[in-house]
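Each of the next two complexes has chain A plus one other chain: chain B in the first, chain C in the second.
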Partner chain A sequence: MNHKIKLLLLLSFLWTVPAVAQAQGVKNPAPLTAMDIVKKANHMSYYQGKDGRATVGMRIIDSQGRTRIRQFVILRKDEGKTDGEQKFYVYFTRPADVKKMVFMVIKHIGRDDDRWLYLPALDLVKRIAASDQRTSFVGSNFFYEDVSGRDINADSHKIVSQNKNYYVIENKPKDPNSVEFASYKSWIHKATFLPLKVEYYDAKGKVLRRYAALKVAMVAGYPTVISSVMENLQTGGKTLMSYSEVKYNIGLPDNIFTERYLRKVPRKYLR
Partner chain B sequence: MYRTIVALILMILPQGVLAQEIKLPQGLSGLSTMPAATTLGEDDGLPFDLSGFIESRIGTRLQNDPYEKQTSIGETRLQIGIEKDFSNLTANLVTDFIYDPVQDNYALNLQTGQGFVDIREANLVFSPFSFMDVKIGRQILTWGTGDLLFINDLFPKDWNSFFVGRDNDYLKAPSDAIKTAFFFGDYNLDIVYTPRFNADRFIDGTRISFFDRARGHLSGRNNPVFAARPDKWFRDDEVALRFYRSFGAYETALYYYNGFWKSPAGQNRTTGQAIFPKLQVFGASVRGPLYRGIASAEVGYYKSAAGAATNPLVRNDEFRFLAGYEQEIAPQFTASVQYYLERKLDYRQYLASLPAAAIVDSRNRHVFTLRLRKLLMNQDMTVGLFNFYSPTDRDGYLRLNISYKITDNLKISAGGNIFYGTRIFSFFGQLKNNSNIFTALHYDF
Partner chain C sequence: MIHISNAAIKRPKLFFWISGLLSAVLITLVVLPSLWPTYFPMLNALRVDTDPENMLSPNEPVRLYHDAQKKVFSLHDMIVVGVVNKSNPQGVFNKKSLADIYALTKFAKNIQWKNKQGKTEGVVSVDVMAPSTVDNMEPGGPGVVKFEWLMRTPPKTDAEALSIRKKAQNIPLLNGTVVSADGKAIALYIPITDKNISYNVAQKLKAKIAGFAKNGDRYYITGLPVAQDTFGVEMFVQMAVSAPMAMLLIFLLMWYFFKKASLVISPMIVALISVIFTMGLLIVTGYPVHIMSSMIPIFIMPIAVLDAIHILSDFYDRYPVFKDRKKTIKHVMKSLSAPMFYTTLTTAVGFASLALTPIPPVETFGLFVSIGVMMAWLLTVTLIPAYIMLMPESKFANFGMCESAGNDHGPMVRILNATGRLTYSGAKMIMIIVIILAGVAWYGITKIVVNDNPVKWFAPGHEIRIADRELNKRFAGTYMAYLVLKDGQKTVSLTTYAQKLKADMLSQPLAPLKEMAPQVDSLRALSKSRKQMINLLSEKIEQRMKTVSDQDWDSWDSSLTWIGDYLAKDQIFKDPKVLNYMSRLQAYLQTTGLVGKSNSLADVVKTVHRELLMGNEKDYTIPNSRAAVAETLITFQNSHRPQDLWHFVTPNYRKTNLWLQLKSGDNRDMSALISKVNQYFRDNPPPDNLSHKWFGLTYINVIWQDKMVSGMARAFAGSFITVLIMMIILFRSISWGILAMIPLTFTIGMIYGIIGLIGKDYDMPVAVLSSLSLGLAVDYAIHFLARGREMRKKFSNWQETSVAMFSEPARAITRNVIVIGVGFMPLLMAPLTPYKTVGVFISSILILAGVATLTILPALMRIFEGLLFKKENQKDVT
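Entry: the complex of A and B
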């Protein structure tokens, strides 16, 4: 291996350490509760950096092997310092029939999200009624909630086991009628607090859906899942999701998430 | 150090049962930097962005119409969209090439969209200041809160496309205009200036038969309307303004329009020719979350040409109101309802001015709409219904649509446009002979 690459690898490894140390809060030696772990996992999955951009590709494969593609650029900006309100700007590039459409979400905690859809062929800014968070996102096996995060207070959490690499957390919904699962387990990586695997079960303990992180990479000091899969074990379908051209702390102005930039694409930040 | 931390954690935590081993994702042990981009996107090497589609669409009337062809639509359409970004400027050109044996008229008219070429967009977009966006040229324009009902959106519509079953996008006809948008913090202002009046692609008989009040009978392609279109540059112009801001999740707007009725709304007293009387509109709208959905309301005061109240040949002043609500009522199943009112102002003068034996419109026209939309099969299939019903006109219009995406690019769809009513002259009732079904095969690229 080339020395430069070695050095780079070493550097990137060193960068991870402060981030990891911070995430684990080594200054506070009190044992982590299940809620602490879930909070950190939630932060690592959805709130790294003040803002970010990524090109997301989805390969949706049904039980018969038929494949559909989705591709979009996603811009994200967090409001405030606590892991709360967030804004998302999703610019579709594939397939051709949704190309140049924009989907914008302002995610609230404790109330319905605000959503807009911009249809360029009609120059129409459409306000969309908030939908069930547990329905398919753009026809994939990922739910809205998988993409934007599930309210950590909606479930009760328990550490059921752990080893040197990860904790296993069992999560039970506080309102069982609001969701399609009876419980879910998440395998959370100890060093990074990234969820490595999540399984959703019905009342009999049968697996309904399964998420797995396939590939993780360091981006500007943030460990980032760049490849993952969500399987629906009932239908036999699955969706592979890949992140590329990931950037953090790009200095997104607040007004990107307004009607102005629905109608006029903010190219500078989408590139 | 990494290991120390892990060991530390292991020490702090109460030891649980060792979890079943799972495979760690690639790249997690000794985290590496991001690999080179693995985009799915194709870079086709063109110096501009190319998109478009090709489709064939065929449809038939469900009954004989003595004034129109049996075939309601039969066309092949190729759309080529080109977008080119320069450093501070974006150029758009979207052109349709149409082979249409039903219309059978290939003489080019870019205003009415008649002929073998229809330019949908040809514009330049730029931002001369940080607080200002400009779009100049042929463009599609939309604002307001209605769903297939419009009060303050006075940009041209193509009612023929809408009724014969073209894609929904075609309800909007292009404008040749300059749109200037100003953004001052929370307050925003759009100014659209159209130097020469852009009329609707209105029902003139060539595609859709209608009740001709002047002649007192149904009329169609053998006797199309030749309207006197205001067409003097910079004199027969239009101005449309929208001043808007949001209050939290609620969007509010004020509107003003100064131009002409977009479809003929009067008759020349001496020649009898259809005309577009002057029109001013003052309006407002609000939209935001309510209960589990989105609610909206919009009002408009239509101030017709001077003397309209006492002139039976010019449409009266009107008050218009619209209220709507949309909600997801089951997974991937959305329902929306609207109430719409058109109220004639100066109604007594209108009644007094009508000649004997003339058709008398009621003071109020009430319309209710219902939209249902269900997505199926991983959102590859869409089933939709939209119904207009007017209790005052005792008529209505039902739109049905089903589409299925065979692949990401290829879509097959079918639908119907069903008009019903008891009176031959009412808004939708007059269109009864045009009820049709259609099917289309559409390929996007």
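Entry: the complex of A and C
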């Protein structure tokens, strides 16, 4: 199925969603700035509910069609401020040989995130210091930054076009040396403010990577992308990501997101 | 045969018209589709093939395997760019050089274009290995591991440049590969979509490099693909220069011998038309012009004039007797037509025997030279007489060897006469010398080393050779070979596997496994593979886990893990014992002195393991459990280049690839490595019955060389026997037949003896020369023996015959030797070694064959006069 058809299907579904955003649009006729849109999109992608959990399955498919799988439970909790700091706890269940591996992130705004990795067989807890956040997330075509969210202040944003359904935002990095792309465009759904497609370009305008939301569902009143794909057009590989058992506002305690819990699994929240 | 010559003498113009017309047709047939391929799709355009890989047929198993493995491990042919700075004490690890290297890398990553079919060609940017495209991993303080680009941006200070060097040298995959062992140089590995574009890419890189400000940096571009592609380009430059040069030299020599420019133009026409016919036919029938077939013109030309020289030489010597061009040429053609036909046939057979080699370009070469030789003969016996007939009689005034001065005039005549006398009086002495030389030659032949290396096809001063030396001196090696290791265990059927799984589940202490075991049979029926069956089982367990109590959950979770691990046992390259075996093999490879460096999955695991711990050398080991190995591998995949892992192992971890960097591309060294690795596997039986298999261009070269050596031996034996039989038929005598073979046997023996003695490698051109020299070298013997036997009828004994033989017949042979011998000389000026080799050896073979014919044959005829001329002697008696 090509992307256009997928997007159309998605759209037809989304029109049936009584989106909060749509109602807001009516109340406030003043045109949104690019930054307004990006902020909303950022919120919809990463900050819905105070906390949440999901079981995530990844199928990493290379250019030859060879598939590898990853499965993990992801727990998220937001800090007090709106769309600010967040905590993630990622517990791996598959493949079997990396089961119990944990990846934990304290996401900061305006400075580097804190990241920990727990490797049970090596019996190691490691803090990860990375020069940038655009490294592969456990070998998939998603970057670490795609999973935790890119700082909206790292790029300058511009509305390049819009139609009935989308805002098309062009984003250019403020520090071009820190990233592998020259710019990226996001197609942000007007009704839900979910980015349904994102394309990353090199300096010549060639597409390097392409993200697409494949399926959106209403979970506890939140429009949630439950299936998506990230393609790497340079290697020809892609990763399909699917969410199941998604829950919001489950009341995750703070202490789960500490080094102590890397070795001691918070089974209650992972089940 | 004489009839066609007579026909040509009668209607000279017609023959010229026909040949001219045929040439024009062939040229049109080649030019039309080559210039306007879209209008003439039914015609074959000129196709150039510069790929030495095509020395083997495309469906040769070794090539199929090579192509398949390249795909499996996502490997591409690589251009290697080395940057060396000898003037800066920090080498290239300074601000300016690294900034240039950074810029060059960025430039290289963007070399892409669309080809005629609309496919993107150029550099495979994701796989470029350069300081700015690879990752560094190191401990970042207590409990911290750091991941970063090795050189995200060019350094701001020279001190920063040095820290980049330090980091790179600490990563085994980079040390010796991207950064040189002495820390002064950097190599960039630039993979390309197809090796046939490497020359093009290299040119673009050179243009970019030319724009850098000078600071003592030297850039060297090498790698087998560049060498091969550059060879192809230079090959055509080469042919455009040396073929006309050869033609000019031959013309000048003939002019010197026959004093009449207008007359010696005729063999030139014959040669030209022969080349046009042969090459035209080659292209029209759809064969590509390959390294071998590009040499066809240079072979055809001298051979084409061979017969013409015999005719002209005889004509020149006899014209003063008849003083009539028609009578003279008729006489000449009568005495020469049989030997000329036979010499042509033998030459053709010599070349045609190359069709017995299993190497397509050599087959094509042999076949078409053979066709060309026959064509040249046909043209010679018709056009030369026709040409002479078209010249007015008046032009021949004062033409020819003056009979009165003929006997003691000119150095050639004097030397030949003296030689003739010597062969009679010193026959035994000559034979003793021949036997001694043959002994020496035999010793030399036993010393022959079979070896080739496409990079050495360039002269030592060529930039590719210089780059090759400079880079292999500093880095682990620019020649790549790959060793694939694979699970050697027999595949068990799914049913057997399921039975074993069920039994294993029942024997486990975990209660959930015992509970689930009976379901295995029904799941097996639903599955096509182990993976599918285990996944279904895992799903069943996961379903159950949703409802089990918290107390039971842990044992269910452990059971799920157990099932997952059960399947993972198939992933043998996560097994520490297998990885340790690979490490030991690599350590052994390093001791052979043949491998500059080997890179493998084991190195990846060990490096990550070391850096996850405190970066201490003692932790540069394979961790001791499968899960711990898996954790290092998933950690590696958190990098900027997770796909690098799949160059070393397949995602199912059942096949691995060791990347070997060799400092030498000599087939001899690769062969030695192959046998050492075989020996290692015999002496150290691998776990899980691992099997090993090679691929890579360096390996392919060894395979085609092996095929060529055995193929050439077959071709040589085949043509030797065929020519011997032809000689026996021609002379209607076994002893004369054997006699005809003696000079060429001696010549070939001597040539190969010399190759062995001087230590010249027995390589592609040398191998090809064996069969073709056979066909050429026998020519002189045929002429000498045919004329000798004919002349013996006129004289009463060999002594008198010998004197006559060393006048006109010997002069024809000598002129031939000189013209052809010198005709190949322009090849010596070639910058490409194979052409040089061909030039040197063809010239030496012809000269030696000429000398051998003019010494050994008369000496033997003197010694065995009674046996050879039994009939004549009897006649004399009666």
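In this text, the second predicted complex is superposed on the first by the 239 of 271 C-alpha atoms of A that agree within 3 Å, B and C clash if a C-alpha of one lies under 4 Å from a C-alpha of the other, contacts with A are read in each partner's own complex, and residues count from 1 in each chain.
Here, a contact is a pair of C-beta atoms (placed from the backbone, for glycine too) under 8 Å apart; a residue touches a chain by one contact, two chains touch by 3 or more.
What you see is a predicted model, and the numbers here were worked out from it, not measured in a lab.
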First, second, both or neither for A:L117, with chain B first and chain C second: second
First (chain B), second (chain C), both or neither touched by A:N177: second
Dominant contact partner of chain A by residue count, chain C or chain B: B
Contacts of A:I128 with chain B and chain C, given as first, second, both or neither: both
First, second, both or neither for A:V160, with chain B first and chain C second: first
First, second, both or neither for A:Q234, with chain B first and chain C second: second
Touching partner for A:D62 - first (chain B), second (chain C), both, neither: both
First (chain B), second (chain C), both or neither touched by A:D97: both
Common ground on chain A, meaning residues reached by chain C in one complex and by chain B in the other: 62, 68, 93-97, 99, 119, 121-122, 124-125, 127-132, 135-136, 138-139, 237, 267
Contact footprint of chain B on chain A as seen in their complex: 8-9, 12-13, 16-17, 20-21, 24, 26, 29-32, 55, 57, 59-60, 62, 68-69, 71, 93-97, 99-100, 106, 112, 114, 119, 121-125, 127-132, 135-136, 138-140, 159-168, 187, 189-192, 194, 196-197, 212-219, 223-227, 237, 242, 244-246, 255, 259-260, 263-264, 267
Chain A-touching residues of chain C, taken from the complex the two chains share: 71-72, 74, 110, 125-126, 140-141, 143-149, 152-153, 545, 550, 553-554, 560-561, 563-565, 567-568, 571, 574, 609, 612-613, 623, 625-632, 634-635, 637-640, 642-643, 645-646, 650-652
Partner chain A, residues of chain B touching it in the complex: 1-2, 5-6, 8-10, 12-19, 21-22, 24-28, 30-35, 37-41, 51, 53, 85, 90, 125, 127, 133, 139-143, 168-169, 171-172, 181, 183, 188, 244, 249, 251, 287-289, 292-294, 296, 326-328, 331-332, 334, 375, 378-380, 405, 407-409, 411, 444-445
List of chain A residues in touch with chain C within their complex: 62-64, 66-68, 93-99, 101, 117, 119-122, 124-132, 134-139, 144, 177-178, 180, 202-204, 234-235, 237, 267-268, 271
